[in-house]
Every structure is written in C-alpha cells, then in structure tokens.
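Paired with subunit B in one complex and with subunit C in the other, subunit A is shared by the two complexes that follow.
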Partner chain A sequence: MYSNKILRVLKGKKIKVGDRIRLIKDKGVYEGILMPRIKMGNKDSLIIKLKSGYNIGIEFDNKTRIERLGKGRKLGVIPKLKIKRKKKLPNVSMVATGGTIGTHVDYKTGGVFMCRSPEEILSTTPELMNIIDLKNTHRPFTLASEDMTYKHWQEMAKLVAKELNSGCRGVIVTHGTDTLHYSGAALSFMLRNLSKPVALVGAQRSPDRGSFDGSINLICASYFTGYSDIGEVALVMHGTSNDNYCLVNRGTRVRKLHTSRRDAFQSVNEKPIAKIWTNGKIEKTGIEYTKFEDKKVIVDHKFEPKVALLKAFPNSDPSIIGWYLDKKYKGLIIEGTGLGHVPTGESGIEMGKFDPKMSWIPYIKKAIDRGVTVVMTSQTIFGRVHPYVYKNLRLVSETGAIYAEDMLTEVALVKLSWVLGHTKKKEKIREMMLTPLAREINPRTDLNSVVKSV
Partner chain B sequence: MYSNKILRVLKGKKIKVGDRIRLIKDKGVYEGILMPRIKMGNKDSLIIKLKSGYNIGIEFDNKTRIERLGKGRKLGVIPKLKIKRKKKLPNVSMVATGGTIGTHVDYKTGGVFMCRSPEEILSTTPELMNIIDLKNTHRPFTLASEDMTYKHWQEMAKLVAKELNSGCRGVIVTHGTDTLHYSGAALSFMLRNLSKPVALVGAQRSPDRGSFDGSINLICASYFTGYSDIGEVALVMHGTSNDNYCLVNRGTRVRKLHTSRRDAFQSVNEKPIAKIWTNGKIEKTGIEYTKFEDKKVIVDHKFEPKVALLKAFPNSDPSIIGWYLDKKYKGLIIEGTGLGHVPTGESGIEMGKFDPKMSWIPYIKKAIDRGVTVVMTSQTIFGRVHPYVYKNLRLVSETGAIYAEDMLTEVALVKLSWVLGHTKKKEKIREMMLTPLAREINPRTDLNSVVKSV
Partner chain C sequence: MDYKKVGLRVGLEIHHELDTKEKLFCSCPTLLKTKEKPDLILERFQRPVAGETGEIDIAAIEQMKKRVKIIYEVYDDCDCLIDTDEEPPHEPNNEAIKVALTIATLFNCKIVDEIHVMRKTIIDGSLPSGFQRTMLLGTNGWMDTNQGKVEIEAVSLEEDSARLINKEKNSVTFRLDRLGIPEVEVGTGKGIVSPDHAKEVALKIGNIIRSTGKAKIREGSVRQDVNISIKGGDRVEVKHVPSLSLIPIVIEKEIERQLSLIKSRGKVTRDVRKILEDGSTEFLRPLPGSARMYPETDVIPIKTSELLKEVKKRLPETWDRKIQRYNKLGLSNELGKQIVKSDYVDLFETTVKKTKIKPNIIANVFVNTLKNLKKREKIPVENLKDNDFEELFEFLVNGKIVKESIPDILSYKAKNPNMKIIEIVKKLGLETMAKEELLKIVKDVLRKNKDQPINKTIGIVMRRVRGKARSEDVVKMVKKEVEKIY
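After this line comes the complex of A and B, so read on.
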C-alpha cells in the first residue's frame, strides 16, 4: 500500500489504481498507468507504468504535481484469441507450459499472472493463424520455468510425441526462459528418432511492454515448425535486440547468456542451425542437421533423478562430495575451471606443503569407487575440456572421471540423468556420455587418428 | 612406454625420444620431435610434436614408414634470460606465481614443468627489456592457478604493494589462466587506495607452441604498467585470436569464457578499459577508470574463508544448504537462473501440489536466520539480477537474500569473503555488498529515482 500522504492526495484527485495519470516533478513529466504499490520499496514513491511497458517509481513530495488523465485498462480481464483453423496451412500443435511469454499484468493488484490457456497466450499474436493451422493446443501445467522438474519434462515429451505421431508437422512449446535450455536438452534426449521440428519458445519481456519479444518468437517458431526441413528440437528466440530475425538454436547446444536481453540465447561451440526472418525467410548457416521426415518419434523418458551439479572454485571444500554420497547420488557433474581442473591441494614450493583437505582428487576417486559417475565440464562455458594437457588434469582423469568434450554443463547434467536412467554399467555409461546422442557433442577433428594438444 | 612393436622399430632405426623424425602413413607426411608415450592412450600410436607445437598421435602399423631426421632439442635444459636493467625506462617489478605462461616441456619425459624463476619465464620475451626497467622480480610460489587460495592471494597483494610503495610505477603478476579472474578480483579488493597499474598476465598456450600468447601478453602488460595513466588492477590478455592487441580488462569485470582460445578473457557488462597494441599504442574505450597517481597503496587482506558458491538447477536438492550450515559457513553465493531465481517447489496447476522438499526458499531463510549472508547472482553470466520482477524473485528477496546487481558470480564470491572478513553486522554487510568498492558494480541508470521493470 502507498503511504497515507499519497493515499490522501489520490483520494482528493479521485485517482484510482489502474487510472491513466500525469505526474510532474522537477523538470520531468511522466504519463502512464498508476500501478499498485508492491510490498517492498519506498511507500512514498508512486509507481507508474509508462507506455514503453517499463515501471518507474517516483518519490512523491510537496513539489510533485499529479493529474488524472482518464480511465486505464480494464482490470482483471485477459484477452483471448479465437482460434480459427485454416486447413490449407501446415498442421502445427502447441503445448503451453507457462513463463513470461504467457503472462498478463493485473492492473488492479500489480501482480503478474501466468495465462492459463493457449488462447490467452496467443492473443498477443493473431498473425500466427495466417501462417499455420493450429491443430491442437495443450496446457499440461502452468509453471515458471525455474520450477521445472523431470516430471514436467516427461509430460512435455509425451504431448509433443502424441501430436507428431498423429500427423502434425511440428509442435511449438511455450516455456519460461530461465531453464528453457535445460528443457531443450531434455526433449532432445527423450524424443528418439525425431525427424520433425519442435520449437521451444519463450519471451524475455512480458506482453505489457513495448519491447515484448514473444510475438516475433512465436511467428518465427511457426515458420520453423510449419515450413522448415529441419527435424530437431530447437530454441527459437530473438537473434538480435531488434525484431528482425530469430535464431534456430539446437536444443543441446544453446544457453541463456543474459538475464534480460531479448537475444539472451546463444548457441555455444557451434553456429545456430538457421536464421528465420519475420517474413518467413529461412536462412541456413551451413551446419549439419537432421532432415525433416514423416516418421514416428519414440518417447524414451527414463531419468535418474539423483544427479547433481557442483562448481569448483578457489578455496572450495571438496568434502561436499561426501554429502552427495550419503544421499545416494548416482551421478555428479563437476564444473571445473579451464580445461576441467579442480583444486589438487598443492600449495606451491615456498608456501608450505600439500594440503589433502583442499584436494578434490581423493573425493572424486571415492565417489567413483562407490559407483558414482563423475563428469567434468568447464565453467568457461565455451570450448572443450581435456583430460591430458596438464598433470593436474591427468590426476582427475585417472580417477575414472569422464571428460565431457565440448558439451555444455547444463546439457551434460540432463544427459547424465538420462543415461543413468538407461544403464548402470560403467563402460556403457562412459560410452553413452561420450557418444553424441542428439548432436550435443561435436567430435574433434581427426587426422587419421587423434590430435592432442599435450 | 610405447608398445614392444614400436620400440623394436625405433631401436632398428636408432631413433630416440627427443629426435626429429619423419613419419609417412597413407597420404600423410608428419615431421616433428618424437615425444615420450604418455601414461594413458594407445600404446601403438607414436606421439610427434609438430612445428606448430601441437602433439599428434599416429597409429603405427605395417604400412607406416619412419625416418630419423636428426637430433632434437637439448633435453631438460630451460633457457634463462639475463636481466639487463635500463634505468631510463619506467620502473616495473614482476611477481611470478606459476601457470602456463612459465611452463617448459621436458622432451625427455614429455612432462610439462613450471619454470621456477622469472628469468626462465622471461626467456620467451627478451623484448620486454627494451620497454621497461625490470626493477625486482619475485617468485613467492610456483602453482597452477586452480590451486590458488586466500593465502596465495594475500601473498601476491603484499608483494605488489611492497613494490608499488617503494617507487615502482607498476607491477606485472604472471599467473595461470584458470582462476586469473578470481585473483584479479581478490587483488582489486585487497589493494585499497590503488592508483598505479597492476597487470595480471597469463598464457592460454604453452611456450613450446607456435601459438604461444604469453609474449604478446607480457609486452602489452609492460606498456600498460610502464606507460598507461590507468591506476587499476587489470587482466592484460589477447583481444583476438591474432597477435595484434591485448585488452585491459578491469580485475572485477572479467571472466574466462573459453577453455583454450587466446582471447578467452572477456569483460562482462562493461567494455574493457583499453586496447594495447603490440607497438605500445594505448587506445582507451571511453569508460571511466582510476587515474594514475603516485600515492601509497594499502593492503587490506582479511578474508572470511567460510564462503561457498552453489548453483541452482532443475531438480536440485536445496537441503545441501544444511551441509554448509553444519560446517559453520558464514556466506553463500547462490548462482540462480535468469534474474536470480531458484526453484520454489511449485508444481503447476495440473501436476499436483507444491513440493516443499524442492523449494530453496525455506533453506535460504533458515541460513539467513542463522546469520549466514546469502547473495544471489545469475548463471547467465551477462546482465543484472533483480529482486522484484516476478513473484518468485520477491519470495527470495523477502528472506533477506542480497541481489548482487550486475556483479559476476566469481567476483561476488571473492567480495563476500572479503566483506565478511571486515564486518559481521548484517546491515553493514548488505551496504558493502551493494556499494562498488573496486568498480565491480555498475549502478543502474537513475531518473531522479529508481527505474524498475516489474
């Protein structure tokens, strides 16, 4: 709630939350919709939603003037798109799971709600119905993506497969952006034999903002699923800060790399598969991809949930691994430094002796001896880990830890869960982890044999 | 050791490890130095160090021909630079701590050793002595950077300050690249009142390779410390894959972003301070920096070691926080998703109920109630966390967790250790964490007040 001082002024001017107002302070003039006061923050500040969609908080004092301009938006009403089918257009279905792309601001409470139905989500993008024939829409759950778990991934995979196997050309999945890349990897591993386009789509900005990116992302995803010859899971998101094109980022080779930019998603260690312009033009980048084919997809959705991700850092206490052993974890991803290093407890010649408490090596060894799979990735994000270049890397790899090549940490995490859901055999686990199952690894260049940088 | 088959052939041709050889197989001709067989890998492959510095492993079979070309390099001898002082040049000192920049390959064993003395390290870069007058050299320890700890940071800071306060214009610190950015942050916080250039320099490729980057990095660091008007800690590393210029990346705003590229270090959320060309030209980018001044630096090196970094991910078990509480940790950095999210245990409307076991919120709250400082950063690397945009963010921030603005996770980790080494008062900790102490935070733009995107 606003302070009593502000409430008195608002009452005097007959201004209610949700009204359009003008506020003048110092040399600034601010017009927009009066928003409710959020729980935290300065109670003496008025919150106005500007036309750009941004909220601004302006401290109200004796020199501040305020006027009512008129009624604001209707409160608490979410527009809905009436879905009209055009049967000549390509058949695409949609699975709506939540996230910013389907949010709605309630101007009465200031709260941001997630829309419940695909018809609500699509109200921002009626153009979509001139591109594809929206065959079926599903809403298995409505969730912020930070709360996605295995069961949500499995539910998504089942619905996507059901649609693809009943004649759809492709499926669009709307999803929050926070863990969009984890879900992209999960779908890539679960959808075996996939040869049709599956687009994961989110938005970095909400529909009430002028910079909403969800419409363009949905339009590009419609062209991708309805018209492209690409038969893979991809994250279709803005390629730049402008509204000119989206990138088709392979589900296993992409990562969120900015908290808020619209082009936050970037392919790592390879190019995106294609650019899709808002007019429907699809421009390939030249990398290999799975070609569209009309064949059945198989859902293989077993995961081992006891898999965790740890990050090594200076002064880190490796005995944390003991906690995971006590909890009966089956797999650990260690995000090391550089080429896949962890602290080894060396102290340097003049600084005293080796400190076994600081070394990760015996803990990794202990985990592996107990049957836990340990996989090394790098916190540098880009590049490829390597088990041989330096002595300290060999110390790690000699424990039996698997060096995950150029796989992203997040992808290695999802893959390890999936692999451990399929086999308990040590050699089979290693083989599966090091074999590309959904183009998540780019095998190294080969000169008749192995090229190594020692 | 090589297989007996290979050893027999080598013996017959009087070829020894370390000799220059030519190997012909299929259509390939490979010339280089015969390296010893490393412990792992195929014993039937010969390892040759090519002129480029790369090692190549070639499987030896009946069709492989091999010839001795001559004697290779002298075994086990590390060249040394004789340091000649030119007193008219600017006074700069050096602290050598280890890392790839000072490695040497022993052609007898194939092992990579770290050089012990600055004279050995500098043997790759005699040009340096025409740029600066190398006043003093120190070798406090010789360590791979993955093994750096507080005590090493403190030792570095003391030596750097000692040199700066006894008349040096600047100091070059050579260091492994894995944790170069953690050390950059640590030095930035410890060296209070700093107004002279301190360069942290490493190499991504070892001196035995044609692509060795350490010389150019040392040359640019010499220009930076000897001639620039910048009075800050900076990582001076390759700006591109070519040998044209280095970037002066602020110690608190940079991160290793590739396992092996020479331009692996990139400034995050701001531009680097300057480019330095190999001819000494210093080109500023226009961002603000601390100007050179000849005044005393103060070493303030207290750290609280009980600080850890955790990464939140889908399906992560938040009860891991309990382990840190049991171990009496004082500070936790949680690298969340997106704007600083953690799983909240929501399951979505159709997927069953809230699952308190999956929610990080009560665990964060418990930690804070016990006096532990919890700081939120983002695993997106780029961008700024935000405590208000979504309901789930407010749930976290209402526990009292500190949202670390646009600070890098690694920098937040080092800073929290440093801050907790200075105060135990909750409000003071929050104030220090959110106040830029070494330009590690870029305060948000301000329109008389706070601009928020809700």
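After this line comes the complex of A and C, so read on.
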C-alpha cells in the first residue's frame, strides 16, 4: 500500500492503480502503468511499469508532477484449463490445498495469486489430460502448508476417502511442500484399510517460470494414481535435480531434507517404493508395499492435538516440560541426541559443572506420572533409537518413555496424536506406538539407510 | 546517401560484462570454464508458461511433447545452487550495482529512486530458471558525439545467460559458467544520424563503460545489437554484431534490404536477424512483443540514494578526458589511446607523478617496448612486476642506464624473474658509459674509418656502445670530433 501522502494525491487526480500515467520529476519523464505498491521497500515511491516492461520506483516529492493518461488493462487474469474428459483413461480426482504449486503470477502486475481452482492448477500442466481422466476436483481451502492444522488433515482425509469410495482409482492432493510429509503421515494414519494410490504433490519452483518442477511431479503422480499397483499414501516428487523421474516416497517414511532443491524429499530409513519416469515407466525398488485393490477405505480421523515436539540439546532447560504440563498436554515427543539421549548429568565422573536442575529425568518422570505419554526419537534423522546402550538411555527408558524405533520424529508426532485420539490407556498407547500401522516402523533397517552420498 | 531523407533510425544496445569479484545474485566468482570436464551434468526441460490471454490451446500440449532436452554443464568452482535454479537468489551484488550506477551517471541518466529486479521470461534454456533477472537503473540520459547529442534511453544491469555449447535436433547444451555474471546494457534513443555515426557511438559507449575499470575484457564479453528502421519500413533487430567496423556495413545493407522490400512488397516485417560474416543478415525469428517482465519477488527493491552519493564521490575520468590530459603531457593522440587501453595505465600515472622522465618515454616503454618484446620475441612480459618498472625508471632518472638499454633489461628480467634489475644491468654490462670512455671509442672508430660519411661513423659507434650511451650523446660527440679533424 502506498503512503497516505501518495494516496491523497492519487485520489485528487482520480488515478487508480492500473491506470496509465505520466510522471515528471527533475527533468526525467516516465510514462507507464501505475503498479500496486509491494509490501517491501519505500512506501513513498511510486512503482511504474514502463513500456519496456521494467518496473521502477520513483520517490514522490513536492516537485513531482503526475498526470493520468488513461485507463490501463485489466489486471490479474488467471488462465484456466477447460477439462476435457477422456473416459477411457483411468479416473483420478484431485484435491487442491494451496502452496507454491497452486500459485499464479500475473504477468502484468507481477502479483502472486493463489489459484482459485484445480482447473487453474491444471493449466500449468495440460498433459495430464492425456494421462488420466480427471473425475472430480476439490478445493477445500487454499493455504501455505505451514498454516495447515489437524483440522485440515481431517478434511483432506474425508475428501480423499469420498473420492476413492465413489469409484476413483486414485487421488492427487496438491499441497505446499514445507509440511507435505506431516500431511503424508496424517493421511496414512487416518485412511484405514487403504488400498488405492493417494499422491501428495508439491512444487519447489513456482509455476510462472519455464523451470516449474510441479508439472513433472504432477505427471508422475498421474501415472502413480492412474496406473500403479501401489495402494498407499505417497509423496511423489523429483528424485534428482534433473527432470527425469520422480520418487514414490511412502507417506510415513519421508522428510523434506532441503530448503529449496527440487529433490528435497527423501525417504529415510528405507528406499522409496518406486521411481516413475516422465514417460510413465514405473520402476519398483523391491521394498514391500500394499497392493492395489478395489476396497472401501475407512476414514478414522480421531485426533488429539495437544501433543508437542521438544528437542534436547546441550544446555537445554528441561523445565519447558513443566509449561506443557500446565497447558494440559497429553503427549510429548522428545527428539533426543544420538540413540535417543537427553542430558542427565549422570554420565561422567567429574560432576561439578553440570547443574542437576538441568537433568531432564525428573521432568520426564513427572510428565509420565501425570499420565502424559513421552516418546523418544532422534535428531540424527537417519537410524533407530535404542533404550539401553548407554546408562543415560537406561535412565530415560526406566521412566517409562517409549523408544520409537526407526520412526521419523514428525511421523511419531502425528502418530501419537492419532493414537491418543483413540485410547487413553497407557499399555494400549505403548502397544499402538510400537506396532506398525502404516509401515512407519520397520524392524529391519535398510542397509542404505544413510544420507545420500555426496 | 541522404540518411535523413530515407528516414534512418538506428538504436544500439551494447551489452558489456562487468569484471566484479562475484556474480550478480550469488557469491560465485566470475570465472569461465577452468577445467576440461564439468563436475555435474543436469538434464532439464522448460515449459511454455501459461498464456497471458488466459487460454491454453491444445497446440501447446502437442508442442510440449516435442520439447527439447536441455543439458547443463555445471562447474563446482563457478556455479552454485542458484545457477542450477535450486536456490532463491541472494541480495544483488553491491559492487555490480555501483558500477552500473557509475555508468548510468557517466551517461547523464536520471537514476531511479528504487531499483526493482525483474524476471524477463526466456525459455530457450539459456537460463535454467526460465527467466533472466534484470533491473533498470537509469533513463533519460545522453552522450556527446562528433555529430551532436545522442539520447541514452536506458542503462540496466542483468545476469548473463549460459553459453550455448551444442545444439542437436532433440537436445541443446549450455555451459553454466558464464551464467549470472553481471552485465550492463546501454540502449540508445534518438540522435544517431548515419551508419558511421553509429560506429562512433558504439565505440564511445564501450570506452565509457571500460573507463570504470570494471569491464570484463575477454572474448565474448561485449555484445552489440543494432536496431534499424527507415521510412516506410519497420524495426529490425540485428543480434550480436561482432565488431565495430561491421556496424556501418550492417546498417547500409539493412537500408538497402528494406528499400528493396518496400519497392517490391510495400512493407518490411519486424524481424530479429542474425548477422553473417560479410555484414549481411538472415532471418532468425519474428521480433517479440514487449518482453514479458514481472517482478522478481525473491529480491526486495533497492533504494539508490545512498549508493548514488558514494558513486558520485568516485566518478572515474572517462577515456576521452584522460586522453585529452595525456595530450597536454606531450603524448600523441595515438599513444594516449594506446596507454589508456593498456593494462599499465595506472602504473603509467604513478610513474609520471613520481619521476621526472618524460611521459612520452614512459608511455612508449609500456606500450611499444612491451608490445614488441611480446609479439616479436615472445618474451613473457607478464612476469614483469610493478616494482621492476619502478626500479628501472629510477636507474634511468639517475643516469645509471640509458633508455636504449630498456628493451634488453626488460627482456632479460622477464626471462629471469628472480634476478634483480641491478644485477641484470651489471651482467649485461649496460651501465651508462663514462664520457671519457665514449670519447675513446669515438676516436678509435674515426681513426679506423677515415673516409666514411658521418652517418655511417655514427652507426658504427652506436653498434659498439649499444645500450650503454644515449644516442644523442653519440651523435653530438661524433660531430664534434669530426669538426675537430676538418
């Protein structure tokens, strides 16, 4: 928004954003379209789009003269794909929830708009119409993924189930990438008895550019949902920095491991289920998966949102646990160091420097005594936690904390919330947490369970 | 030809790479290919982006099936994730912005108050992102020429694109080393009156850019596009005219082409044309409408007021001014031009200030002596350091050596960089001869060559004292001794 000073002048001259104007300042003459003021920068600078296409900012002062030349063109048209159905192709539905993959840049203003419909998203990748028959499209909400909550997960689960149970072969969910893996885990737990492919798809580059990566992700997701014999929730995203294939990463075994690369999503502690090439070739990696079957899926989205994620680190103050107890939290995931450690002060011979108040043990005990479930995972990301290898581990496990095997922290967080939505019984909670419900735990750790080599 | 009568209009766009430490939007150095094989090969595709009209046609889908594979050669010493389109741009390079502001100021431009970085859509693969980041810094400028003022419409700063290495039916290969190097673009407006004038303007623009000392000088660091139209014709853009001397030829040929088209068909189409070796052109593609440009939202607008204050404090002397000043020091126009263009211009300035040697002699050493040593004798003159020259000129001032000995000393020094100048002078026996010694030789020569003409005698003496006595001293002494005899 422009400053009040400018707004007054514009109002006086009956100039609106989008109008053609002439600006004269200090012998410089500038003609072009008055653009909306972007949030960053100087509010006293008028932004003008010159005929050459360049935007420039000219600071408005007492010596600046401005006049209206006429009306500009209408701004902000988003292209739409008219969906042409090809009934012979496998039918797949789409749920669009927002994120980079659902944005559109208006080339005249440069404004970034959220797409208002899946048709608008499809306009970026019209090839999809030759791969699948897009049966239904939904847009329950439009969000950046960091604003996603469990209520959104519940709604997504309902919509996906509705589509699958009304004859769809698969569903594509478009979504922001930041929390794509949380949603992947949530859908994996909420969709019981799932035996059809559900693809979660995002983009790391925006659709305004020729290098938009979302198209290839959508194309591969279409082959996954329309043609594969896999019946699971998976994140279908670029496998490398090349535009050649996507990986089908199981919804409970994947994590965003890079802020910006196309191949940010990697399966952790196991291989992805398959590679899908842009020509439709599906190449399995050999790991077990749920086979496609035309069965009804059951939505079970009971959920306890009062579960928090804590991280243990050098000098960390465990009294934060007290705050969560006061707030009546029901579950805590503690992302420990290494095999699942927290500071205890009891590991060494020289005890002088460790303040006993900084030991996490009494706080964990207190939480468990109050009926709060405490689950240990590891901040190393890769690997499995262990309750006994070191004395400090034994001190934690003796409190009754649950060591979550090779489950990812984010998955453990979602799972505990889901489990606590179903039972309050201590032993039942432990049993459910340690039993694989959506292949989120594997007693055998894959030999290649490491960060990709450089 | 009466260019006014044919309604000739010429516009130049001069692109010049800047010699900054880092690229425009990342911290990679501005190197070109440093090793044989790329460290990484990437394969990508680019998509036509959704149309402005809001409609997508089926033809576009068909087109996408035929799309070419784009192969990128990536080098880890001069590329990072920003170059491969895997990371958002960092803040624009301040050094490059200051250089571009300097250039815009030298062209008398009005500087924008706020720079907005734009994305210019380009999907031929030369930019992995699918767009080129560019920013307009100055408008409404002008420059003086022999034929009056020429408008400078725009000075902008942009990231250079990747280098095209190979093109095949289904694939195209680009090398990412050059990608992202800052490049300034200067566009002229009205004022160019003839083909020869266009050449002068292009030359002057180049000189002004280079006078910042921050222009990259290497093959391919300058690109010149020429826009030409005549009355009844239409705008045609000739891309990448490789040399200044071709500019007038291209314009002449284009005028002829347009005239004959007007005669035969009544109109000219707006083309982008490719230049051929003889200055004629061939069709490349239709001239695009106004570039599709929209803001680069990953970079915030840059306020120019503070930067501009800094820039104005340190405006460089343009080459034209410098040459005028050197004229006053006694250098010819030609020698002035040569020294300004040479790598030794700064050293020349400091040496002139420090010593009493005639600027002409100093300039000749830096320009002609070094050029001869390098070109004719293949001497590695790049081994010579600033302080070698300082020492050398000190000996010359003190009369320890004569200027005739300089080529020999420099040549020896360049080949033996570890020896000191003084050692070389001694080793080569090039210390200035005492008057008495010279006299002895002169007398000896005269005695042995009694009936020779005086010039021949001088020649013989010179050969014997080569590099150890000043030639004017030899001439003077021979003449004096001859007079004594007769």
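By definition in this document, the second predicted complex is superposed on the first by the 354 of 454 C-alpha atoms of A that agree within 3 Å, B and C clash if a C-alpha of one lies under 4 Å from a C-alpha of the other, contacts with A are read in each partner's own complex, and residues count from 1 in each chain.
Operating definition for what follows: contacts are C-beta pairs under 8 Å (C-beta built on N, C-alpha and C of every residue); 3 or more make two chains touch, one makes a residue touch a chain.
Not measured: the values here are computed from a predicted model.
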item: Contacts of A:His104 with subunit B and subunit C, given as first, second, both or neither; value: second
item: First, second, both or neither for A:Thr344, with subunit B first and subunit C second; value: first
item: Which superposed partner A:Ser241 touches (first subunit B, second subunit C, both, neither); value: second
item: Greater subunit A contact set [subunit C / subunit B]; value: B
item: Partner chain in contact with A:Glu146 - subunit B first, subunit C second, else both or neither; value: first
item: Subunit B versus subunit C as contact partner of A:Phe212, first or second or both or neither; value: second
item: Touched partner set for A:Arg262, first subunit B, second subunit C, both or neither; value: second
item: Partner chain in contact with A:Val29 - subunit B first, subunit C second, else both or neither; value: second
item: Touching partner for A:Thr124 - first (subunit B), second (subunit C), both, neither; value: second
item: Subunit B versus subunit C as contact partner of A:Lys51, first or second or both or neither; value: second
item: Footprint overlap on subunit A, where subunit B in one structure and subunit C in the other make contact; value: 25-26, 28, 38, 40-42, 45, 47, 54-59, 110, 112, 209, 259-261
item: Complex interface listing, subunit A residues touching subunit C; value: 25-30, 38, 40-42, 45, 47, 50-59, 77-81, 104-110, 112, 123-124, 126-127, 129-130, 204-205, 207-212, 215-216, 241-244, 259-262
item: Interface residues, subunit B side, partner subunit A - complex; value: 25-26, 28, 35, 38-42, 45, 47, 54-59, 97-98, 110-112, 116, 139-152, 155, 177-179, 182-183, 209, 256-261, 264, 305, 307-317, 320, 323, 327, 335-351, 358, 378-388, 390-392, 394, 397-398, 410, 413, 417, 447-454
item: Contact set on subunit C toward subunit A in their complex; value: 42-56, 58, 60-61, 64-65, 81, 84-88, 110, 112-116, 118-123, 128-131, 134-136, 139-140, 154, 156, 290-295, 297, 300-301, 303
